[in-house]
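Note that the chains take the letters A, B, C, D and E in the order they are written out, and that residue 1 is the start of every chain.
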Amino acid sequence: MEGIAGRKPALIWAVHLSVVLLVVLWTLPTFGLLVSSFRDKDQLSVSGWWTSLTSTERNLVVRAPAPDDKGAQRQEGAFHVITGNVFDGGGAGAVSAFGVSSQDPSAFAVGETAVLKDGERVSVTETGDFRIEADQPMTGKRGQRLFVTVLEPPLFTLDNYRTVLLSEGIGRSFINTLTVTIPATIIPILIAAFAGYALAWMRFPGRTFLVAMVVGLIVVPLQMSLIPLLRLYTDIGIGKSYVGIWLAHTGFGLPLAIYLLRNYIKGLPKEIIESARVDGASDFEIFVKIVLPLSFPALASFAIFQFLWVWNDLLVATVFLGNNEEQLVMTGRLRELLGSRGGNWEILTASAFVSIAVPLAVFFALQRYLVRGLLAGSVK
Amino acid sequence: MEQLLVALGSMALGVGACALYFWGSNRLLDLVFPARSAHAAANIRRANLIRPWLFLGPAVIILTVYLVYPVLNSIWLSLHGRTGEEFVGLDNYVWLFGDDGFRESIRNNLLWLVVVPAASTFFGLIAAALTDRIAWGNIAKSLIFMPMAISFIGASVIWKFIYDVRAADVEQIGLLNAIVVALGGAPQAWIALPFWNNFFLMVILIWIQTGFAMVILSAALRGIPEETVEAAVLDGANPLQIFLKIKVPQIWGTIAVVWTTITILVLKVFDIVLAMTNGQWGTQVLANFMFDWMFRGLDFGRAATIALVIMALVVPIMIWNIREAQKDA
Amino acid sequence: MSSVSLKEVGKSYGRVEVLRGINLEIETGELIVFVGPSGCGKSTLLRMIAGLETITAGDLSIDDERMNDVPPAQRGIAMVFQTYALYPHMSVRDNMAFGMKIAKKPKAEIEAAVSKAARILQLEPYLDRLPKALSGGQRQRVAIGRAIVRDPKVFLFDEPLSNLDAALRVATRIEIAHLKESMPDSTMIYVTHDQVEAMTLADRIVVLNGGNIEQVGAPLELYENPRNVFVAQFIGSPAMNLLDATVTATGTQTTVGRADGPAVVVPIASQASDQARPVRLGVRPEDLVLTEAEDALIEAEVDLVEALGETTVLYLKGANGGAGTIAKLPGIHPVKKGTRVRLKADPAKLHLFDEAGISFRHR
Amino acid sequence: ELLFKPGEDPRFNWASYEELKKQDFSGKTVTLFGPWLGPDKDLVERTMAYFEEATGIDVQYSGSDSFEQQIVIDTQAGSAPNIAIFPQPGLARDLAAKGFLTPLGEETAGWVKENYAAGQSWVDLGTFAGKDGKEDLYGFFYKADVKSLVWYVPDNFEDAGYEVPTTMEELKALTEKIVADGGTPWCIGLGSGGATGWPGTDWVEDMMLRTQSPADYDAWVANELKFDDPKVVAAIEEFGWFANNPKFVDTPSAVAATDFRDSPKGLFASPPACYMHRQASFIPSFFPEGTEMGVDADFFYFPAYAGKDLGQPVLGAGTVFSITKDSPEARALIEFLKSPIAHEVWMAQSGFLTPHKGVNPDAYADDTLKGLGEILLSATTFRFDGSDLMPGAIGAGAFWTGMVDYVGGKPAAEVGADIQKAWDAIK
Amino acid sequence: MSSVSLKEVGKSYGRVEVLRGINLEIETGELIVFVGPSGCGKSTLLRMIAGLETITAGDLSIDDERMNDVPPAQRGIAMVFQTYALYPHMSVRDNMAFGMKIAKKPKAEIEAAVSKAARILQLEPYLDRLPKALSGGQRQRVAIGRAIVRDPKVFLFDEPLSNLDAALRVATRIEIAHLKESMPDSTMIYVTHDQVEAMTLADRIVVLNGGNIEQVGAPLELYENPRNVFVAQFIGSPAMNLLDATVTATGTQTTVGRADGPAVVVPIASQASDQARPVRLGVRPEDLVLTEAEDALIEAEVDLVEALGETTVLYLKGANGGAGTIAKLPGIHPVKKGTRVRLKADPAKLHLFDEAGISFRHR
């Protein structure tokens, strides 16, 4: 195909460009999230992530120490002075203008002196040092507000991740999630592989019906099952436990797993299985020694899906595992972080990224099996 | 550390118990009906009658408990009132078909059912076709597939960043509005924009599912015999004609499978709607509608009725799939 | 070391009867080949012997023991499949050892059996490779090795060579012939639809057609003395020419008259009742030779000439556009398309079939 | 580990703490499940620590922001906690009707009536029909919120020369004056993820109390006064006067899409994006970090019309403690909630108001809280958040959607009719 | 109606040179067959002519027009693939019409062309079927029909028969021969590795090996007069036997002496300089006949006998375990394995090759 004569190079360029466009469109949202998660939280909420490399102009409101506070006020010659720096509370940058009233926050350029109604004089330098002086001692419980226009350099920080990762119990949740996810990925695969083999290669009455049933059950919305199942668990004493959630994930993942694996196993060459039979292998041995190794691509690709699903699941986990410290899973923990800090984009971004890191790793590790495994057998 | 051990222990226990069942039950069967004895033939025949059920046993039991029973339970519930105690006949169904929320959900769901599978498959097909022709196609594929690994909730966070809206006079931090503003438009509250907001939500699922469609379709495209394409080249077809008239028709089967899978997903997914709008601004869909009635309305009868409608919507696809499955059974 | 006997064996898939009333005795050490057109039931019969298909009628015995209900592994057979059916995830060594491992044989014994088989088949250098790293011929050798290792009473081969290219097919065929020689006690049953394979390998050939046995016999017997039209045409390539004729005189010799040629006297006995019977006169293309004689068996226009150097094949037009005859002449003959040629044959090499297709020699 | 050492701080009623010690439940546990997460969770745990210390009961609190779904599933499935903390009484009533709650008994009802300001109304709010239809007290209110508040930045008012309005007329005048001055008066955001729309319901409820009589309000909550009644429609339109005037609000096109937690941030922007924000007493949690109450931000009572003789109505809300799985320990915990110390310890931290008359108001951590507490105790008319009292399908469904639709441009009458229709459908 | 000319054509994939310096003139109306062992570059050469592979060196002209950079569809060629390459989703009719539809030909013209091709190939009953409902032979006919419809200057066939079974292969081969006859003006280039196909169909055969042309010539010329050992062994089956020998006398006839047999006088000229030169004496298996004479060309023990009825193939053991010789005798010969036989050959049919493998006749 590559070598066809008379091909136009323009066409090749068009293909490259289109792919670039597609890739950009598809990665841009995630990329934005990634960039955002490293940004300073104050910048994050006022400027788009695409501006993160340029300095941003921000209007800050700073309150000078209240005159009534001890030690805030000094006498310098004839004047009573309050000094400080607008960046005392954090941040950095160059001040370009300031104001003393919310009505006109950038009334004065740096270096100028603003005179307040009560005669106090305020000046701010470019580095953010401010000075308030008055002829009489100043009074009041509220400090003077200073409005400064600051050109802030781009700020990147790992704080967001620190907050998320170091938040209490996240390690525990990580282990909990693994405890849920690994068996909840392996058990359905094991059960489905056995069932898939039986449905593909063993002869027994009712096989066709079972296959039809499996396909039919793929579409059952799992929300229907939550309450009856939890009631059942409570009745038989499983309650909220790992066993319960493993089985639940197994149940919900099973129809698709059986369907995919059966298709794949059915597509294995008949002769290989017969050959093993002639070699004296029982069905169990055929399954374990021949079918299982040969189905690895299918197992892996289903594993990806089941893993992603279980890892990202919140509903099933909260229903069957409970919310207490000992049992909370990652998604639950992150949602808790979000729930209590809904407005904090920085937590939102970092925690969203933390939550997709492991699935992404699993995906990249197993993706090469994906195609082979999923497709074989399902399409003729 | 101790947690870790407990975790490892219970994982091993869970997986081990499952493996042990299969191994043990087979072993038991072989002991009861030994294959190398006087009645070898009869024993083997008897064992072969039982063995499929050993293999299928756990699957059948779990499917029954986790899926069949809840379906039956739902049917029963749908004929009962909110407490699930008084029998109300078909009242729930009558109510449902007269309900505005339901009509809105059905309308939106139909939109979703048409748009999402179509768009995902379409973009997946385009991506597959294009990435297969270039050297860095695999990298491109991985990147396009990446959203698949992101949870619906995570995706919602990501897209909130795209659809975010600020007052017209401050800087937009939502990408879409930033673009609109840069082009001289006024910022829009995208997810509140009647009717169109449905599409903004669908975009999220399309974004997620395109990778899936792409991966599968790309495999199918590569399975097309090269010679048919070369024959078409000789016949004078241009690349577009080859794609549309030669390649696409040959992978219809796969396209149908991809389409079905995404369709089923569309009907089941409620997370995106829940997280983005919870059905406000006219974006209700059935799955979320059901969720609403179950947990806000606390009316299990109605929730079950909606669930059954969701299932009913998939029945045609289900029948088609069952037929396909039986063809090679 | 074992004889196989089939008694009235039949096979039905539901209502479809695929094989019926198969009777066959295969002796220890024999190499029997099943041939027949596609779909005639060769593979099915073989798989029934292997135990991979249930036998729906009749009895199968190996060494006088009824085997109908014995599972494949216990029948003492080994099978080589057309598609090799190697376990793709196991090395050559493990492929060959699999059966013995399943049977929990001691390690040393397995090792010995595998290396012996590998030596016979010259597979030693490949023992640790995976099947995908082997050529087609090597794969088929591994498949055969796997069978040898099991030390079976009966070897079953289902078209083992049909996935190989022509040159490899010849080479592997010769290898199988040598293998047979080196294991004189093993019974082998071999399925093919390639008659060259059948002719060259078989002690006896079983010709199957439509679920029935048409003829059983040594290869040359089938060639020289086919029981009926089917066997006559199936064995030999190009197929035997058949000329319509009518018996005009009977006795130890039979005279037949023909519409489009002279009468022929064939040295085959016939009865008086055969008088005036419509028959078909069979003559193999390679038995025809060019002649100048007026009373040639065949005189026809040449439709196509295939000069292969070694032989020259003439495709002759039939009378009135009917089926033509084919002649295969040794060496190079400068015959041109469109010329008329005359051909004769040694009367001893002619065959005579009645309306039912049965050879006069076999009545 | 106790935040305030017993016996030390005279603001606290340590006697009531000592009283608790008479019970001994060592080794027992009680499970508590509620909606509080993060800092709120720390607060409740720190408070419960006193109960644990005194009685030896281990309190296991867990929180979930999908509490509403969770508790439904858990009660249905029989795996309920001992005590559930409902953010609003509506859901508790539904569960009581299904028989999942245990009555708290006459004695507790009497206690509430005695000790809470406007005691009877708290008792009424916590009294539901059980499965058998019999009315009982199922919900114990602990931790209240005042909703009729407007938050502002005093300095901004000062800079612009605005006065805190004391009547609705003044508030409206101020609103228009700010617009005339070129500013934006209000920040309004109805967004709340899955619960989007609820802040709008609070507006409407406040407007109902300011335009109609308390009796009408009660009738409305019980749907005896229909949602499409002109009175209700008028209240919705009152809300619209503020929210639907593009000049009055910060992001007019995105009122419904702006998250209620982001919305107040406009007050603190430079220059201010808006001057006022109407929200309940919990909202300071979402003010920018370092905001000092009383200095950087303050509140004033969302005023009533001087022209209408409806007094000073206050809209409030509260969390309801109910027993979902009965046990002596659960009972003991309810008893604990009656003791002044249980209130005072939380009052002294943050975000807690109580109608308990027997506690020392000085225990409030700051003047703002104290002021809020006073509004609660001295309201001439106190009414509970109506949407919380309506059935879930309305109060946490159709009403929310209606508010979203309304700020999206749907006429008030239609919105009212839609909600009423939904209400009719659930009967 | 068109001639094809290749001038110093070469092809490299990166560093790998697959074809080099191919010079070939194909005349209008000729049927040229490319043969050669697998991987020798036959398909690559054909695909370069088709335009499916770029030409990396040299010039390709069709009708004296340089075609190197002309896209495939504009070259006036049509190609038939080994795997048929039918469009599986189109009916037979649409398959044939596709090219013309793409070219936006009028409906009537398409219709006429399709029905004409269908008539020629007897495909009329199948026009509305999908390819999957056709047998292999029918599919290949459709593929040929698709080529005919395009009315190309040059037909290209890439092993069109190798997916068919033996009987169909013969039948379809004959059909192609007829097709060629009915279109005397079309140039055809045909790739195969089956020498029977090559011999029977070709006007001229091009023998390729390792990216070079070994010999170009009429089929019988290659058989009778191979230019070198490669061609000699490649054409004819089983392959020509080669016996080591040394020239002992030169002149118009050459005498060679052999270590393991008598001296032989071959009627091939040699020069004096050839004296004492080591050579190889070639004799085709089918040219050997049994003899009783003492001075037989070959005397050896029979290793294996394949009796095919029509012929009997003897595999003879070589001296000292070396490569044996093969003899192919017409008819049935009752030779037993293990006996010693003597074989002679007509000296005129012997071949003589020098150390470089070049035939003495071609020097």
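Points worth noting:
FYI, contacts are C-beta pairs under 8 Å (C-beta built on N, C-alpha and C of every residue); 3 or more make two chains touch, one makes a residue touch a chain.
For clarity, every value in this text was computed on a predicted model and none was experimentally measured.
With steps allowed only between chains in touch, the distance from chain A over to chain B comes to 1.
Among the other chains, D has the CA centre that is most remote from the centre of chain C.
Think of the whole protein's Cα atoms as having one middle point; the chain whose own Cα middle lies nearest to it is B.
Highest inter-chain contact count (C-beta pairs) belongs to A-B.
The centroid of the Cα atoms in chain A and the matching centroid in chain C are 68 Å apart. Chain centres here are Cα averages; for chain A and chain D they lie 31 Å apart. Between the Cα centres of chain A and chain E there is a gap of 65 Å. For the pair chain B and chain D, the distance between C-alpha centroids works out to 39 Å. Looking at chain E, one finds that residues 51-52, 71-72, 74 touch two or more other chains. Among the residues of chain A, those in touch with two or more other chains are 4, 45, 227, 229, 335. Under the contact definition stated at the top, the residues of chain B that touch 2 or more other chains are 35, 170, 230, 233, 291, 294.
Chain contact summary for the complex, chain B toward chain E: residues 225, 227-228, 230-237, 241, 245-246, 249-250, 252. Within the complex formed with chain D, the residues of chain A that make contact are 45, 59-61, 63, 66, 89, 101-105, 141-142, 145, 147, 226-227, 229-231, 233-235, 239-240, 318-319, 322-325, 332, 335-343.
Of all residues in chain C, those touching chain A in their complex are 47, 50-52, 71-74, 77-79, 81-89, 98-99, 102-103, 146, 150.
For chain E in complex with chain A, the touching residues are 47, 51-55, 68-72, 74. Against chain D, in their complex, chain B makes its touches with residues 83, 95, 98-101, 165-168, 170, 186-189, 191-192, 194, 274-275, 277-281, 291-299.
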